[in-house]
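What follows is chain A paired twice: with chain B in the first complex and chain C in the second.
This part shows the complex of A and B:
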């Protein structure tokens, strides 16, 4: 508390003008900064891997505790269960919990996928116009979700990616996860058998889709098999506007 | 080498889980299982309180064979060992006591053996009791017990739809328990 006051007093003595005081102080602090960091502003390591490229855990083997995640997610489900009117309401709440996560995660996802592809192009050729990595059509978006997003979240790609075979619903796509991480320890009681707590993951996907500019509704559905009792299908329903744009882009030959 | 059945009793003595793993066992009614759990809970408490204590003065000459229910090794303890009240325990009531195995508090009944089956009881630090009925010749019951405890901690306690101290109805717990026991057999 006393330090800046004394500093200011010294400045005012040397300058004798109260108006210039603040500016002078800013200059001096800037000066000090540049002195302590002689190189150009942001430091980039020689291999171009900044802190954003890496997981916060330094080593690959240092993983997060699955148990703490399970307890946290269990609390989230319990929290969402308060004052809900039914299963759909509960799923909607879980979806809403995941949605902002998807929106925010998207930037990190872009950053990582882009830096990994552009770093090679930068080193090979110095052309500044690298191809845009933002998905413009539905299929690249789905691949982004199926591969990089799933790897970022669960450390493995999703198990299947399908397009609806029904001609009435060309806007429906399905992503399958045989054993969703969030449902590992969850047994849904019989009277709520329709519920799938992976609605939270569906919310993340919805956030990613919306963040990319693809309006979509994503829901999670149980589809158990003998081998995979927890198999979950994420159904992505893209909006009208997305489908119209898709047609225009197809005619224009945009990939 | 078979596990016959498993019973889980909550800390209040209520039955929360009961399941058979072998076909052809005679079934009890639900009410009988509840009574069995409650009775066992009581017997367990009694065996803990009648655990004989050694008077501190009598330690140098240890004449008492540890045929009690408190010993940590599970293969000795048996409640049918009729010599439970050791003669010295009533006489030396004023002096200090120690348990046969100092440092290990009395835990109550740990196993009960008959020629048809062996009942092993494992009580967790939170008071939940796991009762395992196995073949009398089965070895490494503690390994099985540990795994069951682990599965319980995973699939019951991490399940947001499970209410504490209430009957366990967790399909994932059933599935994993069954799968693991089948994999062992």
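This part shows the complex of A and C:
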């Protein structure tokens, strides 16, 4: 099996950070084995205000100030900028910061689509009528990104979803956002006009794809129109193994 | 009407009417990636991570105060107690939709604590189980910097640090804020 190397690498990176959910446990057990230090595990407050005791949907419809997001994101970009050699490097870094988010958001999306559809799918769960939650083909995956993922992050679906028309690049798909929220308060200097900080979002998408088992490279590109000066295209390039599997599944009639 | 109740009303009203909103999880997760990235870049040197977070917060605070003043349209606070209420009931309300409790004043009215019942920045968070993070990392340390930067712009030099955090297994999340001095009119210091 051709597991994308980056997936594994990024997993360990994301585990080293504190913002982890399920992955953390795994790593901590590894730690105990390798370092043989007497770890008593994490301390928890006596009122048990931990992530395990609070409902995962608690913050589902919660809102925060857009300014707070803008400030944080701007700091993130500024910080990333201090440690890079150029625009591509900066975009790569932003992409890498989004990537672990994608992996986790995927779990959250599954969890939420499952829990919200439990009642309706109970009766038909034994029949093949209800679609599986995990996308097996590219198109359902793209719809998951275009719809639920975008709504979770930005409270609206993305603006367009397209397949490359070139016969040479059947593995390329494009998701368009006419006015990416992340770029709202970012002004890019003229000499860096190629830069698109939505590379962060591209990283999130890449994480979602990889997490689903669809090896992909995702990049963000400026495609301004008169009406939408900030229009951004997310270009998804799926790996060869994905395309091969896609053909097999198509022949097998899997949707 | 006490200054706390008044500030509370201003804050709630502003949150409802003047604040553009985004999904809270987007903010939470974005902050999480920032901290995770720092932990990685500084190779688990949590003291340095705390420092960097504070610096980032300072940069944010210096700009955030303008947004705060423009939105709230409040005047100068008469004393540090009033400032504390403004920070908690208006500032935190506008930017994080919370209002940490102001308490534990010293008798000279120059030091207080903010107790966070809720902390949106720390949702979904569990610190690394490496035997150090829970003793060394202040996950939300960016907030200390924000206060320092913002207040410096309105002529107050303060010092802020966390003294407890539920992420460390403490029962409360508490930040201690001390007024160092009121800054007399002078040239603003260089950006950090």
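To be clear about the criterion, the second predicted complex is superposed on the first by the 184 of 255 C-alpha atoms of A that agree within 3 Å, B and C clash if a C-alpha of one lies under 4 Å from a C-alpha of the other, contacts with A are read in each partner's own complex, and residues count from 1 in each chain.
In this section, a residue touches a chain if its C-beta (ideal position, glycine included) is under 8 Å from a C-beta of that chain, and two chains touch if they have at least 3 such contacts.
Just so it is clear, the model here is predicted, and its values are computed rather than measured.
Legend: residue contacts after superposition of the two complexes on their common chain; A:229 is shown touching chain B, with no touch to chain C. When the shared chain is aligned, chain B and chain C each come close enough to touch A:71. Touched residues of chain A, counted separately for chain B and chain C, are more numerous for C. When the two complexes are overlaid on their common chain A, residue A:46 makes contact with chain C while staying clear of chain B. Once the two complexes are overlaid on the shared chain, A:187 sits against chain B while remaining clear of chain C.
Judged by the touch definition given at the top, the superposed model places A:154 against chain C, while chain B stays out of reach.
On chain A, the surface patch touched by chain B in one complex and by chain C in the other comprises residues 67, 71, 73, 75, 78. Residues of chain A touching chain B in their complex: 67, 70-71, 73-75, 77-78, 81, 185-190, 192, 197, 229-230. Remark: chain C residues 19-37, 39-41, 44, 52, 56, 59-60, 63-64, 67, 94-97, 120, 123-131, 133-134, 137, 139, 166-172 touch chain A in the complex.
The touching residues of chain A, counted against chain C in their complex, run 13-14, 16-21, 24, 27-28, 31, 37, 39, 41-47, 49-51, 58-60, 62-69, 71-73, 75-76, 78-80, 83, 97-98, 100-101, 104-105, 108, 152-155, 181.
Every residue of chain B that touches chain A in the complex is listed here, in rising order: 154-155, 158-162, 169-173, 175.
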